[in-house]
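Each chain gets a letter, A, B and C, in the order it is written, and its residues are counted from 1.
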Amino acid sequence: MGVGIEVTNLNAWYGTNHTLQEINLKIPANHATALIGPSGCGKSTFVRCINRMHETNPIARVTGTVRIGDLDIYEDAKPVEIRRRVGMVFQRPNPFPTMSIYDNVAAGLKLNGYSNRHELDEIVEKSLKNSALWDEVKDDLRKKSGASLSGGQQQRLCIARALAVDPEVLLMDEPASALDPVSTSKIEDLIFQLKSQYTIVIVTHNMQQAARVAENTGFFLNGRMVEFDSTHKIFTNPSDKRTEDYITGRFG
Amino acid sequence: MRTLTDHAVTGLAVLATVLVVAPLVAIFVYLVYKGASSLNLDFFTQIPKPVGESGGGMANAIGGSAMLLGLGSLIGVPIGIGGGIFLAEFGRGTKLANAVRFTADVLNGVPSIVMGIAAYSLVVVPQGHFSAFSGGVALGIMMIPTICRTTEEMLLMVPNAVREAALALGVPNWRSVLAITVKTASPGIITGCMLAFARVAGETAPLIFTAFGNAFWSSNLNQPIAALPLQIYVYAISPYEDWHRLAWAGALVLIVLIVLAVSLVRYVTSRGVLKGAS
Amino acid sequence: MVIAQVPEIRIHQSQLLPAPGSPEEKRPAKAVSREISAIRAFLLSRGNSAMADRGFHGLMVLCALSIFGIVALIATELVLRSKMAWGQFGLDFFYKAYLDTYTGQPMYWDPVNGHFSALPFLYGTLVSSFLALLMAVPLAIGIAVFLTEMCPRWLRAPLAFTTELLAAIPSVIYGLWAVFVLVPLLREHVNPWLIKGLGWTGFFGDDNPTGLGFLAAGVILAIMILPIVSSLTREVMLAVPHSQREAVLALGATRWEMIRMGVLRNARIGIVGAVILGLGRALGETMAVTMVIGNSSEIHRSLLANGSTMASVIANQFAEASGDLHLSALMEIGLALFIVTIIVNAFARLLVWMVTRGAPSSTH
């Protein structure tokens, strides 16, 4: 079951580059929230701050508070603990190349020391079903490597991998940008199905995608969040001129 | 005139290539010719006979080499891989990493004879006698730089996306490095270990004052022990025809092992070290 | 709580997606929702493994530091054990001879009377290495040019493999081959001809009928350093940007002019680096040289005379050194060799790095 996210005064830097400035935002639980904006606006950095992946880069720095449920992730916990609660799907599919499909899905549990084989089998099956990949791969779960699948299948495998640890939040950083249209629509359908059970934050540069899958949308520009509102309002009647310019394609 | 020079240079380059390939062919042909005629079952099962008696083999030297190499690997492989992991996963871009890299190159350039006398004064002198152990230490140290640098290179070839995928699952860093990054790069790392192995398998100079050689069977780490390259050296500079033949046979065995290792390495690397890793 | 919401959403989904057979779908979904909390509970129970992470990090740093430790240990041992000879002879060790009281001849290395000077070995090392470079460098550049610029594609891999194999052959096997093939060849066919033609220069005396000596050592060293020099030369030549070649070709140059002006000129610093790296190998090469150089502790002008290198004298005398001072003198030679190879290698790496930096690495 998902939980809400509350971000207060979040700032982030890459070296001397101030990539996120004073972000304040409440992301509701069990809904999909889209983040849009031109490339380099800080939306990817923002999601990487929510599971503390931002700080894996040695020159990166963060200030401010992020609460997931009632947990202050920068105060009350270590990165590994946060990342076990917050799943992430990356821009390019990144299955573990040496592992079978089964092991890819089970990786998050196995590598954290989970060893109940029978339950693992069930979790893998369920995760693959939830990511709408089960029917395509059920016959060679252990025979084929994750890297042997097509791009769209790989991305759904990555979603299954993220779901297997039963996260409370699912972050998706432009999950369909490297995929063909058919795979993209499959991923979108999937997000639509999943959002009732997880809090989903999806970064996208594709405005139609945001409109299709998300209840709420935030617009980022130059490291600041310009506007955050219901998707409907953002796309029909934005209150900020810059949002309107972006939506109508006047820049970006 | 200019075209003439051009042709002349082409000719010279081809000649140079031939001159390089010629000694290799010569060495191989001669090795096979001389070695094969002296190779027989006795070579692999018998220990050397005293001068004057014909026959005998190098079973003890082959066994000794295997033991020395095993011991060397026990020392060189973990330290080398550990150093490589440090360079690729923890030290990227730091001064310490640069210093380690440079030191590994220095160690790689230390002449093997100097490694020999260093191992002598580090191990043989305190122990008070020559030993298999001291030879293994010398070989192990010599394996470290090659393994360390290839491990680093292979780990750097693992796409960062794979590391991020593991970290984003909340996998602890140590586990992510070992179970994901190192495992992904493992064919390349094994290749590096085999390269190092092949390199020290033929080393003689570091063994002269450490393993020392032994005319008999020995499996005692505290005793001098025979080694294939050492035995080849001793037999080659001896005045006895029989021993010369054994030296050739030994050299053939050694070179076959090394060529096999190098070819295997070549095969693995040409197949793509990280097959499937995009 | 979870279960309560699921059916409601299922209905909503089925409008969007033709859902697979719903009874079959629902059962695992329910079974799972019970399990979900189990997984969550399990994951929450796992520690943050900060200790394990720190421990692992520390262990890897330790491995890396042990490389420093080893080099430091080698250096200290060599320094400590060569102290005696250093105390006795000081810097004289590297350049002075003493005159034999009976014959009036200069003496360098005299274990019997306890007098040691490394001069003949420095000389032997320099002469044999220089001879090796003289023979190997033109060949190495030739093969590198051939491989990068004119070799047909199908021949490239086998030739590269061949040079790789040359590098993998152990020193002692080169020595074996040299003793039984190269030395007789020099003795029977090359040396007499050299003595007849060039004997007047004084570099090719006829007083050593064995075929051993500096020339034999130089030839075998040349063969041994060829792979490293040629493969590095090839690497720096490949690092020259293609635009350089095209620029020269566009001016109407022939292939050789293109290679000379477009490639060799741009790669020259790196090639010098490759040559110096080859020198580093030659200086420290032991077994093959020991087997063919003749092992004499004197200085001869003739390239056909017997000699010794720093490495070969250690290999030859260390095991049967006649006393502490002798041993210490050999250690000092080892120390000198250690320092020289470090300097030479560092310098060479620097040069090669200056050229290949920024260029795509081409280790394979």
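As a working rule, a contact is a pair of C-beta atoms (placed from the backbone, for glycine too) under 8 Å apart; a residue touches a chain by one contact, two chains touch by 3 or more.
The structure displayed is predicted, hence computed values, not measured ones.
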item: Pairwise touch network: line, ring, star, complete, or other; value: complete
item: Chain pair showing more contacts of the two, B-C and A-B; value: B-C
item: Rounded Å distance between subunit A and subunit B, as computed from the means of their C-alpha atoms; value: 47
item: Between subunit C and subunit B, distance of the C-alpha-averaged centres to the nearest whole Å; value: 13
item: Subunit C: positions in contact with at least two other chains; value: 43, 48-49
item: Where subunit A touches two or more other chains at once, by residue number; value: 80-81, 84-85, 112, 165
item: Set of subunit B residues in contact with two or more other chains; value: 170, 172-173, 175
item: Contacting residues of subunit C [partner subunit A, same complex]; value: 1-2, 5-6, 9, 12-13, 16-17, 20, 25, 28-29, 31-32, 35-36, 38-40, 42-44, 46, 48-50
item: Contact footprint of subunit B on subunit C as seen in their complex; value: 43, 48-49, 52-53, 55-57, 59-68, 70-71, 73-74, 77-78, 80-81, 138-143, 145-147, 149-151, 159, 161-166, 168-177, 179-181, 223, 226, 230, 254-257, 259, 280, 283-287, 291, 311, 314-315, 318-319, 330-331, 334, 337-338, 341-342, 344-346, 349, 363-364
item: Residue numbers on subunit B that touch subunit A, as the complex places them; value: 93, 159, 161-162, 164-173, 175-176, 179-180, 183-184, 186, 274-278
item: Residue ranges of subunit B in contact with subunit C within the complex; value: 2-3, 5-6, 9-10, 12-17, 19-21, 23-24, 26-27, 30-31, 34, 78-83, 85-87, 89-91, 96-97, 99-100, 102-107, 109-118, 120-122, 141, 144-145, 148, 153, 170, 172-175, 177-178, 198-199, 201-205, 208-209, 212, 229, 232-233, 236-237, 244, 247-248, 251, 254-255, 258-259, 262, 266, 269-270
item: Partner subunit B, residues of subunit A touching it in the complex; value: 51, 53, 56, 58, 79-85, 87-88, 90, 92, 94-98, 107-108, 111-112, 145, 147-148, 158, 161-162, 165
